[in-house]
Amino acid sequence: METIMTSERYERGRQMLSQIDANQPRRLNESLKDIAPEFADLTVEFPFGDIYSRPGLDLKTRQICTVAALTALGNAAPQLKGHVGNALNVGWTPKEIVEVMMQMAVYAGFPAALNALFIAKEVFDERNLSAVD
Amino acid sequence: METIMTSERYERGRQMLSQIDANQPRRLNESLKDIAPEFADLTVEFPFGDIYSRPGLDLKTRQICTVAALTALGNAAPQLKGHVGNALNVGWTPKEIVEVMMQMAVYAGFPAALNALFIAKEVFDERNLSAVD
Amino acid sequence: METIMTSERYERGRQMLSQIDANQPRRLNESLKDIAPEFADLTVEFPFGDIYSRPGLDLKTRQICTVAALTALGNAAPQLKGHVGNALNVGWTPKEIVEVMMQMAVYAGFPAALNALFIAKEVFDERNLSAVD
Amino acid sequence: METIMTSERYERGRQMLSQIDANQPRRLNESLKDIAPEFADLTVEFPFGDIYSRPGLDLKTRQICTVAALTALGNAAPQLKGHVGNALNVGWTPKEIVEVMMQMAVYAGFPAALNALFIAKEVFDERNLSAVD
Amino acid sequence: METIMTSERYERGRQMLSQIDANQPRRLNESLKDIAPEFADLTVEFPFGDIYSRPGLDLKTRQICTVAALTALGNAAPQLKGHVGNALNVGWTPKEIVEVMMQMAVYAGFPAALNALFIAKEVFDERNLSAVD
Amino acid sequence: METIMTSERYERGRQMLSQIDANQPRRLNESLKDIAPEFADLTVEFPFGDIYSRPGLDLKTRQICTVAALTALGNAAPQLKGHVGNALNVGWTPKEIVEVMMQMAVYAGFPAALNALFIAKEVFDERNLSAVD
């Protein structure tokens, strides 16, 4: 029973992720398989199966809020990089992502904003995108 | 010259704030007049005159990103309370604000989300609003 | 189906909490019912149903680790207060809890340790316990 | 032997504190005597006996750096309040303390700066001091 | 007198460290000798001579609490790496360390937990250990 | 009008920076030109044009306060590195900078202090300076 239950939540999370970054479950499994394989499942289940899939807020808004929060927290570079990609995937432009990061200078200081901008630049470069006209 | 320049930035910030919370400049002046009156001006000028008034991102998105970031940071209760009010003022519903705060449990932990929800409740209560159907 | 699944995770979390603080689910429901009732469920399901109930680590160790982390983070006073109570409930002595908080001065600074100690004192006083011989 | 050693470090810390706030050891003892009396000693010994009493930096500079750091960290209100008083005691003016706090908006965001300013105002009010001409 | 005193505290810390990682005093001296040699002494004296050596809590519990706190803080990667090694040295298994890190997702968010897990993996790999059955 | 205004603030910031690190505006422009060129201007205007150039506190004190704050925050390594250089430029000695970083162990923990010291060492090495007699 347990197995089936878990896979239903996982399935809901996986489907949510298919709209954001369909390869993330596979990449999570790969990176965690030798250290904490079940945490790969939990990282699909709780954030995406329990939270992002809730009906009260659209995915695009959820995604930019995550970029804002990770920029402000300033200690989650790999995750911010992933979510900049996700934000592009759900329809935000490089320019809009840059605006959010600049805005975080107000709430978390200039270093947090600057370090996030350099992370965004890596993602934009990898996709041959530009935030500048 | 300086005075005129400053007041143009201030004026741009004040106009931006008139769409969010027209009383904030007055309240800032009041709360800071005995300690750092010029910081009241800077708090209008940089966040609102320099950042929020930039054309690359709409005000409604900016405001929810601020709620997300202050929820995640978890050490700015008075400012979060103000920005929950601002988010309502620019068109977010209580339910959407609650969704963003719940989402922050993923990135900043459950305590940050819970403490933000209790702050949101104070604002909704003051306005006789409900996040629950 | 969904409802049944959710309640199995919830049930596992509730049973785990019955060993820590059997009233927490009720208190969570009470405090969140007007703002985010489903977050009360998630706060039982993920932390306690998904994490604390995992077999790889005993409950007593989990509980002191939470006290250590909330002391170090320093911005979750209500949750730290709750978890000091939980730590007592699962068998830690006031003295041991105080030792962990003092230790956090090394990793998060003296203010974090001091503020945690004052929170612990509130809990010990409510229970007529003492950390001092 | 141990006792004597400890009291020499404690004594050095106590003498350092006599230049900053001679009553702090007594207040620390009072506030911690029922929860962690030995942490009162450690709070004199390490910060003041081991660090502040080092010869490589003058006390006045040390004290303003502490105000800057606690403002930026933003989660140590009681300690910041104490160190604003200390900063006044070693010769900083209310205006200079306010300048440092405003500056922290650059590195830790406006909420951190604003919350620190309101704490400073409490101290200045208690001493009938003003940061405004 | 001073020298002897210091060396007694240092000696107590060094003996405590001999149960955790006997090479740490030497490595600390090496890494700090060109920048802050006396801080190497203080890093033995206060954390290990003053805190870890206190009788009220066993070393094994102290060590897992440190892993929990550094995971939650999320901005001390080199120190977390060292303390994962220490936790292994005092008898925690890779699996237990992984459980604590996963648990921190509840209090500090998924990015903090994930980044800690990747650090733990480095340590386990260096020692040919596995957290997975 | 707007253009001229902005350039007056920018000019004031640039002149302030000429006393600290005359190349910073050029480096900021270079590093941000492909991602957020206007943020390079804002990073001169607000921190240096609006804040550092205020008359109430001398530049040397401002600079050491920034080193203290970035050490304590612990998540802004590139900016801390830059400001260690700035602190040297305005007259602080390597030894004094090291003292401030060591002091931050009291307020933000040993990991924050240690990681800052290793950053300082990089700067001192690049300039063939030593903090040790």
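So that you can tell them apart, the chains are marked A, B, C, D, E and F in the order they are listed, and the count of residues begins at 1 in each.
Note that a contact is a pair of C-beta atoms (placed from the backbone, for glycine too) under 8 Å apart; a residue touches a chain by one contact, two chains touch by 3 or more.
Keep in mind that what you see is a predicted model, and the values were worked out from it rather than measured.
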item: Reference chain B; chain at largest CA-centroid distance; value: E
item: Interface residue identity across copies chain C, chain D - same or different by half; value: different
item: Chain D-chain F separation of Cα centroids, rounded to whole Å; value: 24
item: Between chain C and chain B, distance of the C-alpha-averaged centres to the nearest whole Å; value: 31
item: Contacts with two or more other chains, residues of chain E listed in rising order; value: 42, 46-47, 51, 54, 70, 72-73, 75-76, 79, 98, 102, 105-112
item: Complex contact set, residues of chain F against chain C; value: 72, 105-112
item: Chain C-facing residues of chain D, complex; value: 31-37, 39, 42-43, 46-47, 70, 73, 75-76, 78-79
item: List of chain D residues in touch with chain E within their complex; value: 1-2, 5, 8-9, 38, 42, 45-46, 50-51, 54
item: Chain A residues within the chain F interface of the complex; value: 74-75, 98, 101-102, 105, 109-115, 117-118, 120-121, 124, 130-132
item: Contacting residues of chain D [partner chain F, same complex]; value: 46-47, 51-52, 54, 56-57, 61-62, 64-73, 76, 79, 95-96, 98-100, 102-108
